[in-house]
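Quick heads-up: structures coming right below.
Below are two complexes that have chain A in common, paired first with chain B and then with chain C.
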Partner chain A sequence: MIYFSNLNSILPELVIFISGMILLMYGAFIKNKNLSNLNILTLLTIFLASISLLFVPDKSNIANSTFVNNLLTKYIKLFILILAFLVIYISPNYLKRNQIYFFEYPILLLFSLLGMLVMISANDLIVLYISIELQSLSLYVLVALRRGSVKGSEAALKYFILGSIASAVILYGCSMVYSVVGSTNYEIIKQFSDQSYDNLILSLGLVLIISGVAFKLSAAPFHMWTPDVYEGSPTSVTTVLITLPKLAALVVLVNLLLFPFHNQTFTWVPIIIIISILSMAIGSISALKQDNLKRLFAFSTISNIGYVMIGLASVNDESIKASFLYIFIYTLATLGMFSFIMILRREDRQLVTISDISGLSRSKPLLALSVAILLLSLAGIPPFGGFFGKLFIFTAAIEAGNLYLAIAGVIFSVISAYYYLKIIKTMYLDEIGEELNYILDQKQFFVIILMAFLMLFFVIYANTLISFINFIYFQ
Partner chain B sequence: MNLFFFLFASITVLSAIAVISSRNPVHSVLFLILAFVNSAGLFVLAGAEFLAMILLIVYVGAVAVLFLFVVMMLNISLEEIKNQVKKYFYSGLFVGLVLMVELFFSFSNLDLIRNKNIEVINNKNLTNTHLIGSVMYTEYFFVFQLSGCILLVAMIGAIVLTLRRREGVLRQDISKQVSRKKKDSIELINVKNDNAN
Partner chain C sequence: MNSFPILSAIIILPLFGALISMLIKGSEKDVSKNVRDLALWISIVELGLVTLLCYQFDLSNSNFQNIEKKILLSKFGISYFLGVDTLSLVFILLTSLLFPICIYYTKFSIRFRSKEFMVCFLALEALVMGVFSCLDIVLFYIFFESLLIPMFLIIGIWGGNRRIFASYKFFLYTLAGSVFFLISIIVMAIIANTTSIVELDNYYFNTYLQKWLWVGMFLSFAIKVPMWPFHTWLPDAHVEAPTVGSIILAGILLKVGGYAFLRLSLPILPDATFYFADFMIIVSIISIIYTSFVAIAQDDIKKMIAYSSVAHMGYVTAGIFSLTEEGIKGAIFQMVSHGIVSSALFLSIGFLYEQTKSREIKTYSFLVKSMPTFSFLFIVIVLSSIGLPGTSGFIGELLSVLGVYKYNSLFGLLVATGLILGAIYMLRLVREIIFTVDKDKVLVLKDLILSERLLLLFFAITTLLLGIFPNLLLNFIDGYTFKLIANF
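The block that comes next holds the complex of A and B.
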């Protein structure tokens, strides 16, 4: 069969798809009784998928070159799988305590993961659209899991309606591109767009696709849903929302802008610059007044996406690599922060406000120290990972001649340092509020410590990581 | 052919007007179905018989019937809707005008949209349905499978979000009823009848 001449190319996707089916049957028979087995099997699936990435050829395209693999997509898939592994690893106890532990939870996550993996490799507008839909539809259901709570339902409804509108906008853009190019394949679109400099419909289609993907990234003019959805959904789902789809959507944007529309920079660079500055501004200024940790980190995501966009706006290899490095560091740090939010619990309820953690350093010094490291890293204080991420982004922007973007970035990162430092101040200097006599969840605690270590010793492995990104970027 | 076009088109437009002007919401939905069926007729005239059938199946078969259910199940007060129409009249008019101007411009620049690259190869004089079927399961097999995944996720999602096992609700358990034996439910007790004599 010529169509799937090389099944190895979709091996990780196949592994996830088939075991998703098997686990669905298994789950239907055990019926929410013995869920720790199911959880272990899910983790095993993700592990198998990461192993099967080894068999994926470094350069391959299948299904009439609608699905393409190269070193970059391969290693980003690996990173996403690792993140998904950690997210599923830390969530069971949280779900159990909040009575939303259904057997469908890991299965829906697996299908969402399948959508993300296909998204990363998509080389065709139809595949792109379908995989984005698969990814977000599973997430809509996960957000709606807390049926009883009013905020949960509000979040789910908002996410669903606005997400569908964003998908519709992407589809509209795709149809416009198709109407002038006559094909949905990236390579043919590239041939067309390299020759056309003033095609209105093509530009309009591109703008619509960018807006739709920017919605999925929660970048600034399309960010309205972010705080409400992140606050209303269960924290373990917020952890998924804030890490995995962001990475996948960024790869989609980079693939689209730098491959088929590389010669249309006059159209998309101004848009990306505006999105970037707006995201940084709105993200860092609106977060100042937030008292709810989940809302605060929702705004922090928006501003961080703004920094990532700086790298995309100065179109050269150095800046794109800096963007990827930044989003790697950022997703790891937020994963740590959200496992911290999951761990916060008093007797019967989750704690989500800043005042709840006052004086944490007295009762749980190790936890407070790790969280402080994560926060300092997010704020961009020198020895930690986040600083280097921002450093590379800003130097790349200056070298590309976008000095004003770098200046804006520095100003907004100083503003956002305020609320990160405010949390540290509350933990270390404020009086102990109510006694926090909860038992730390071992798995979540382990992930917090792991992420804090990664941020703390970033200097040691920074060179290896950067040369690795160089290697996968210039294959 | 021309006669049928005008027949279908005029009924479509008239029933579309009736959708927004009729007093009874159930009548509105019925007119909506009429509009859909007539546009399906227009598609058939244009030679897109597959699209016409899809329109019938999806819009008339699923969406409109769903609307009908919603309208009949929910107690929608007509007065409130009428008031809202008054409230949004001017903004609605503005949006409608913008849309009309846009349509005007896009139709006057039709050659900008019209494609020169796509050449339809239809030597064997096959129907649209044949042609779509011949590529859907071969060239677009990958996408087809992914769409199947989406449907599966939608099904799982609908079940997760609606199926709830509440306490204290009486349910029929058929296997329990069938496996019920005589000796489980009937017990013979020898009762000494003292009071009889």
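The block that comes next holds the complex of A and C.
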């Protein structure tokens, strides 16, 4: 039961929920005027939610242990809140310029954020399902923000239909697990699964849940929606799609696989390995031919998720930490990259193809340099952050005896280096195509520089970061 | 040791210079002049620092000196670990000599975006210094890989017509090799639980494992050296790179591969090295003979010299894997000598190219008439490349062949054929461009100006000096070689 005495365990979620409701009403009254106030209030809400994380106990378990908190979930929530803060901080100008600035945008983002926070803490299949739905439904609407455009509608419809199927698959899996266990709580499922080694229904349920979550992670072979949706939705929404839900879904997967189904590794490890290799392969090979930056990064996400899965497939503490480190670096670098895609604008239109940025290094040297650092980091070239992410992932894989995964990983990282390099080539090596007069948005520019800075000096704070991950992981 | 961290200073100074260069503003012409002057001064100060390093180096001590260590990552104790022995010192010295010359020469060859060029170039110098002075294998990999980025830009921005293709090929080819090196590093680190090269030297891996680790490293280093059949990126990269890019590529970056064999493969994996020695020498022989024949068939001067580089690096790998004192000394000597000779050759071609924009052999004829000083110096350098006694090329090749001959007389004989083949194409080059009189093509070229003469003269004198007094270098690396041979 939730008593008032342990209300503090859900304080951040509560803050976001209540303020989301209030802002919704406020938005309905102001009707797309004075949106900057709304935006500031949203940022304030996120800030308050982050502060309220301080009051969340380091270990708590409420509502019949359907909702748990520990140090890991706490800090991942903090990280998600910071990312959301940055996304909301940079998006208004983008939305304004593209005439899709509606009051729903920050509010829906808040609700989606609420879903993600609950997802991270979920310790019960029902809570998990509901939070995934809350998160996804808000995002379906956000993807449809650009109502007039054909591509936007296509993306929204595709995302909605396929996303609902994925949710249904998760629900179906949950019901199967429930049918044999008789409960949806992780702890009871764990007791059951620890003793059963060949329960077909349980395994089937697990496989279905993994498939559904893999869809949310856009891991191959459940990735088909990714490029179209990422391309069709407004860039600021793509930025959300490509960073926040990935992190939340990874936590869900780690919680599920390592806690209730820890004894079922014989079922899920081969699946994760296949997902991992397929994602790396499809992601890196399909991206080679892309000219649209958003599509290219959609495939790059798929391949990066493959690397994260290597850590998951190696099932030990070191490898899970490596996965978290990797996704940490990946989200920061992609956030920078998508701010870059948002910033690319000439007169009245957004630029999205690679050829649009030819010769960027001459007109905007600092911007080009920062983007080059982000790209090299994503490609895993030392001394940038991405290299260390890959180093730890491969180390974990080899330590766990999965040498072949590490070898597959390095081969695909060479392939993917090609398309990251292609962007750098366009910026640095090509002649200036059209006359460039980008109007750089200061906020977006700041985020790009910040992220490039984080990637460039990763080696300096790497040790602190890794010992911090160690610390929160072992609590 | 609490003395001044001179190695860090050597690495940081060019990076600092690169940072300052980025901030220089003004009109295109002023910027390019100021940046070049700045870079030149930085590289001269760098040379001074290296001289200081050599001066305070204790030759009687065969351990690593000027050690600096700071833990970067607690996992495996990956650290910022620097230190030099005579082997590193030789290459650090070579690097610090070539960079000021190249920077000076950019006055004649780099005509646009000189600010970016200097930033890349200084960053490259810092990274090369890092490769040669670091003693942590992960740090080594970091420097080794980061080299690709500035080099990619140098070839890609300031290169010839097919520069983009060449820079891609260079980058991806080298990256593809290196990732297997990374896997080897990780496996070694997991088993030995350390990444320090000094500790790995003393750790014994079992023979079976050594072989696999060795193969992983081999792919990376063989591409860097480059050995046949992994050499195909080199001609493209050389042909398309600007002159200074070619000089650094041939003079220093190729040496990184040989250095890595000596620093990592031999001491850490002695059993595997012994096991693969035959294989390596055979591949080196194929390298030497095959690429020499290819060089004979070239019409493009730069391509010919690029292939000759592959052949010359074949002596290096053959010498190293003969695992004899002569062989290893010869290999190091050959690397230094090739660093000087090939730089001088590319520089000479650069002088010609700046005037005619052509790299074809048939463009040039009877240069001895129009460019007598150039012709004289060029011939001295070509003779050194062929390995005429009295030049540095002779000592390197002689010792390498001697080492291989000691290892196996048939191999020795085959390696020696390369000497003849080398003479064929280099002398043909001299005959065609310098002495042939062709009245159809009356090409009046200006002879070298004073500063250009001095540059070439410097190379010519160095190669003669090393050829006449080889002990200058050989005594220097005595202690190192002795220690290395003790492994086998």
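Methods note: the second predicted complex is superposed on the first by the 470 of 475 C-alpha atoms of A that agree within 3 Å, B and C clash if a C-alpha of one lies under 4 Å from a C-alpha of the other, contacts with A are read in each partner's own complex, and residues count from 1 in each chain.
Criterion: contacts are C-beta pairs under 8 Å (C-beta built on N, C-alpha and C of every residue); 3 or more make two chains touch, one makes a residue touch a chain.
Since this is a predicted model, take the numbers as computed values, not measurements.
Asker: Of the partners chain B and chain C, which touch A:Phe387 in the superposed model: first, second, both, neither?
Answerer: The second partner, chain C, only.
Asker: With the two complexes superposed on chain A, say which partner A:Val252 touches: chain B (first), chain C (second), both, or neither.
Answerer: neither
Asker: Of the partners chain B and chain C, which touch A:Ser467 in the superposed model: first, second, both, neither?
Answerer: Touch status of A:Ser467: second partner only.
Asker: Determine, under the contact definition given at the top, whether A:Val410 touches first (chain B), second (chain C), both, or neither.
Answerer: After superposing on A, A:Val410 lies in contact with chain C but is clear of chain B.
Asker: A:Ile398 in the overlay: touching chain B, chain C, both, or neither? Say first, second, both or neither.
Answerer: Only chain C; A:Ile398 stays clear of chain B.
Asker: Between chain B and chain C, whom does A:Phe17 touch in the aligned arrangement: first, second, both, or neither?
Answerer: first
Asker: Chain A touches which residues of chain B in the complex?
Answerer: Within the complex, chain B contacts chain A at residues 112-113, 115, 117-118, 138-143, 146-147, 149-150, 152-154, 156-157, 159-161, 164.
Asker: Which bits of chain A are touching chain C when the two form their complex?
Answerer: 361-362, 365, 376, 381-383, 387-388, 391-392, 394-395, 398-399, 403, 406-407, 410-411, 413-414, 417-418, 421, 425, 428-429, 459, 462-463, 466-467
Asker: Note which residues of chain C are touching chain A in the complex, please.
Answerer: Where chain C meets chain A, its residues are 22, 71-75, 113, 116, 138, 141-143, 145-146, 148-149, 152-153, 156-157, 163-164, 167-168, 171-172, 175-176, 179-180, 182-183, 186-187, 189-190.
Asker: With touch defined as at the start, can you tell me which chain A residues reach chain B in the complex?
Answerer: Touching chain B from chain A are residues 3, 17, 24, 62-64, 66-67, 102, 104, 107-108, 111, 114-115, 118, 126-127, 130-131, 133-134, 137-138, 140-141, 144-145, 147, 179-183, 192, 200-201.
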